[in-house]
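Here it is, the structure, as structure tokens.
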Amino acid sequence: MIDANFEEMNSRSVSNIIQLGGTILKTARCEAFRTAAGRQQAYDHVKAAGIDALIAIGGDGTFSGAEIFSREFTIPVVCIPGTIDNDLYGSDFTLGFDTATNTVIEAIDKIRDTAASHDRLFFVEVMGRDSGCIALNAGIAGGAEAILLPEKATGIQALCSQLESAAKSKKSSTIVIVAEGEENGGAYNVAKEVKQRFDFYDTKVTILGHLQRGGSPSSFDRVLASRLGYAAVRHLLAGQTRIMVGLRGNEIKTTPLEEVLNKKVFKLSEDMLEMMEVLSI
Amino acid sequence: MIDANFEEMNSRSVSNIIQLGGTILKTARCEAFRTAAGRQQAYDHVKAAGIDALIAIGGDGTFSGAEIFSREFTIPVVCIPGTIDNDLYGSDFTLGFDTATNTVIEAIDKIRDTAASHDRLFFVEVMGRDSGCIALNAGIAGGAEAILLPEKATGIQALCSQLESAAKSKKSSTIVIVAEGEENGGAYNVAKEVKQRFDFYDTKVTILGHLQRGGSPSSFDRVLASRLGYAAVRHLLAGQTRIMVGLRGNEIKTTPLEEVLNKKVFKLSEDMLEMMEVLSI
Amino acid sequence: MIDANFEEMNSRSVSNIIQLGGTILKTARCEAFRTAAGRQQAYDHVKAAGIDALIAIGGDGTFSGAEIFSREFTIPVVCIPGTIDNDLYGSDFTLGFDTATNTVIEAIDKIRDTAASHDRLFFVEVMGRDSGCIALNAGIAGGAEAILLPEKATGIQALCSQLESAAKSKKSSTIVIVAEGEENGGAYNVAKEVKQRFDFYDTKVTILGHLQRGGSPSSFDRVLASRLGYAAVRHLLAGQTRIMVGLRGNEIKTTPLEEVLNKKVFKLSEDMLEMMEVLSI
Amino acid sequence: MIDANFEEMNSRSVSNIIQLGGTILKTARCEAFRTAAGRQQAYDHVKAAGIDALIAIGGDGTFSGAEIFSREFTIPVVCIPGTIDNDLYGSDFTLGFDTATNTVIEAIDKIRDTAASHDRLFFVEVMGRDSGCIALNAGIAGGAEAILLPEKATGIQALCSQLESAAKSKKSSTIVIVAEGEENGGAYNVAKEVKQRFDFYDTKVTILGHLQRGGSPSSFDRVLASRLGYAAVRHLLAGQTRIMVGLRGNEIKTTPLEEVLNKKVFKLSEDMLEMMEVLSI
């Protein structure tokens, strides 16, 4: 918007892209948009281009910008939750989370194939600076022996106790999922600390990194994206603004953007946290 | 149970199977279980083996049998919804549906790759004798031009009109998803009928068949299976019986088995049916 | 060429496409190119566009056209073997074969997951009108119990004998791969005939169809494509024409186009045919 | 063999495993086998179990052990090349290499999806301490902008020059494949060094680690494994020993084990190394 770099999209230009990862419109952080001058320029371009409403896809940062912009220039805005971390209020799931989690479990499955001796520990670092959603879901789905989350302090000592009991139950391999935002400094550090305590372990580290952000979207994400996009347009046509469309239960619902931005969300199901404890023993 | 063919399962025997399709306990239809004598024999074996509760995983047929068995012998039973058709009351999703739908969209994605001329029509037959859930979800997620469902009569004539308008909008290829239970007799018949009306089309048929029933489960299905299994055990321990555990919203809830068996369910979201109409024009 | 519909390609326009199935240049059969007038028009357009050499990717049909065109207008042509059937002389493998075979074995793997009773027969129809390469390779790689090939007559009676001995050895499921060009008329017919003889079998049919032609190419195909493309350009620069570049052993070699077009090829390894016999008993 | 831990395998026990990664027989390094006493004990157990020949699957280490054992106790041994590094003399390809390379390119494809700004550099570390086969093949197949190999010194300075020209050609993203055995100390170190020189780059690192060793084998690997296993048994039956069976061209050939162990191999095709240079400019 700041560069007046618009691309008209219609049913033909968006044909045959539903199966692709990434974004055909590109994306970038933008410092200028944080300034009043930058937003004014953006609005001038938007107005000149005859655009009368915006749909913003992203997370907290995107929504804050969209909310300010909408208030400053009274342009209608509807937001769509798109972040692999699944850390937004108002939608049970955010776009990208299901695809990312599937990518992680495919990695865990492959790593488990090579686990064949009792003295080997695998540490897999997954995304999630503030949210353990990917780690918890992929850890349960991948059958991990331990999961380190940002939401829950698990010291190295406690982890080592878990690993010792896993070893005693003669599990043939042990996989530990490490969310990047957990308190011990990530998979490399955790592996190093554990190694110092259990020298007989051969520790192996995998850092999945940005491969979790790409790939052909899963069916769940494609259906969710289609439903959210459809709902966003309908709500704009109906005159609504400053809302986020989201999935609640199996229905598309709206939440005021202000609420989305202000309410804390805790997306880790209690039953899954309990299971995590049970499985780690 | 009728053959006293039991296999004890513990944390070691179920280790390293979460990533596998199919069932390690095997499954089969059983005529004898429909008779009182058969069920008596099953109960005698169950009792002799010291089994004091059952968890039944399946759909309508499984649940009916479990319900009768539980009433006849006052043995606690908790059911888990496991059918790729997603056609059960009491759970937003059933186990296997997400995996099957992902398998279908991978197939659609591959078929679309080869679509390069304007005169080619692809018909993909997917599972669903009475339920169009897979067809509708995979059709939206795969970007299909038309979707034929069991729940909705779409005559050949109406389909042809859709295809004509798709051709006019110069779409470079056209994929039609056909649920096996739709009214026109399946993909081969539909393709034949369309071919008779539009001779210039080159029609191609793919029958996915049983490959939709296998494959490594998706993250969604693995997490759901873990949560449902955990809930089933807890509810049995708490003394509950003749219930089904299911996912509603993002929580695990229970429904009386009787209700599950008697209530009609319509799992096709209105907004998705609307989208289907919009996209087909 | 006949429509003067050219697209200039450079290192930027071909960036980020190596992972895609299909073709960004589109492809089509062309009746006009079979006529002298059509080829003259094509040549006029090629000349006017300043194109001084051609690289043709395809199979027999493409190569015949390229060979005639090259002779008629003395324009240099190098051919690249691109057909999933792997039925060309002069190259151990053709582009697309490895990807297609991987697609087929993923399907077989999924089908096998659901095989859980002794009385179920799965028939999977794969591509190959005149070549059993996909069927033989995917059959071996998928652990199929029987494989029907175009190159080898296997009557229904002989197949039934194989299935009987498989049943006797108590295999828990049986998968039969049927190349579309085998003598009995394809998977549906074979299934019907077998069903008539063994009524107790539940027969299931999967027709993979065009999904074998798409999908992200395998590493093998991408490396082969890169090497063949690189070699094609180098040979053109070196003044060569009317050759096909191909993989022989682990090296890129050339073969005169005339030889490619005239020599019969039999790509089914003797040891694999032997294994097929051994495994089917 | 040292623990007399044998498992009899027949056509039923190996049924339904062709699609699995890892090994059902387990594998482990064994210090005792390096001693004469250990080998004697192994031989006593082998003899007592009525085993009259061995098939050893692995790389250099496995083959050395097998060779010594075979000479010391005149027991027939045939070796099968099984290592993802593809670094053995006598076979164009080793088991696991194709599967591992496919795993790497799937990761690269996903990483590339997220590449959307000009100032982002992705470093992907792949296996290969002494062999750049995976790095070179996956780099070409994944369209990487630069590839660091153990066989070829590419200093940070040279890499930076490449990256600068890539940036100038306005490539929208840059992926560098780093074989773990290259001279600069792995992906993390390379990323750090580059970051020091080009501060404006946002560098991201993915360490694939052991996920490259698992996963369902590719069609190529399954067919190769079947052919090599079949050939190994036949050669043993024909009285041969101390040979390795391997793929050369498209045929299964044998090589004396001594030759395999003593001959240097260079598996990087010249044309691919040339291509790597061309593509990096």
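In this document, chain identifiers A, B, C and D correspond to the written order of the chains, with residue numbering beginning at 1 in each.
Here, contacts are C-beta pairs under 8 Å (C-beta built on N, C-alpha and C of every residue); 3 or more make two chains touch, one makes a residue touch a chain.
Computed from a predicted model, the values in this text were never measured in an experiment.
**Q** Give the chains in contact with both subunit B and subunit C, ordered by label.
**A** Chains touching both subunit B and subunit C: none.
**Q** Which neighbours do subunit C and subunit D have in common?
**A** Chains touching both subunit C and subunit D: none.
**Q** Please flag the chain sitting at the greatest distance from subunit B, going by CA centroids.
**A** Most remote chain from subunit B, centroid-wise, comes out as D.
**Q** Roughly how far is subunit A from subunit C, centre to centre by C-alpha average, rounded to an integer in Å?
**A** Roughly 40 Å, centre to centre.
**Q** Report, in whole Å, the distance between the mean C-alpha point of subunit A and the mean C-alpha point of subunit D.
**A** The computed centroid separation for subunit A versus subunit D comes out at 33 Å.
**Q** What is the distance in Å between the mean C-alpha positions of subunit A and subunit B?
**A** It comes to 28 Å between the two C-alpha centres.
**Q** Among the residues of subunit D, which are close enough to touch at least two other chains?
**A** 109, 112
**Q** By the touch definition up top, name every chain pair that qualifies.
**A** Once each pair is checked, the touching ones are A-B, A-D, B-C, C-D.
**Q** Which residues of subunit A touch subunit D once you look at their complex with the stated criterion?
**A** Answer in residue numbers: 20-23, 26-28, 103, 107, 109-117, 122, 204-215.
**Q** Can you check the complex and tell me which residues of subunit C touch subunit D?
**A** Per the stated touch rule, the residues are 11-12, 15-16, 18-19, 92, 98, 101-102, 104-105, 109, 112, 137-138, 140-143, 169-172, 216, 218-220, 222-223, 226-227, 230-231, 248-252, 269, 271-272, 274-275, 278.
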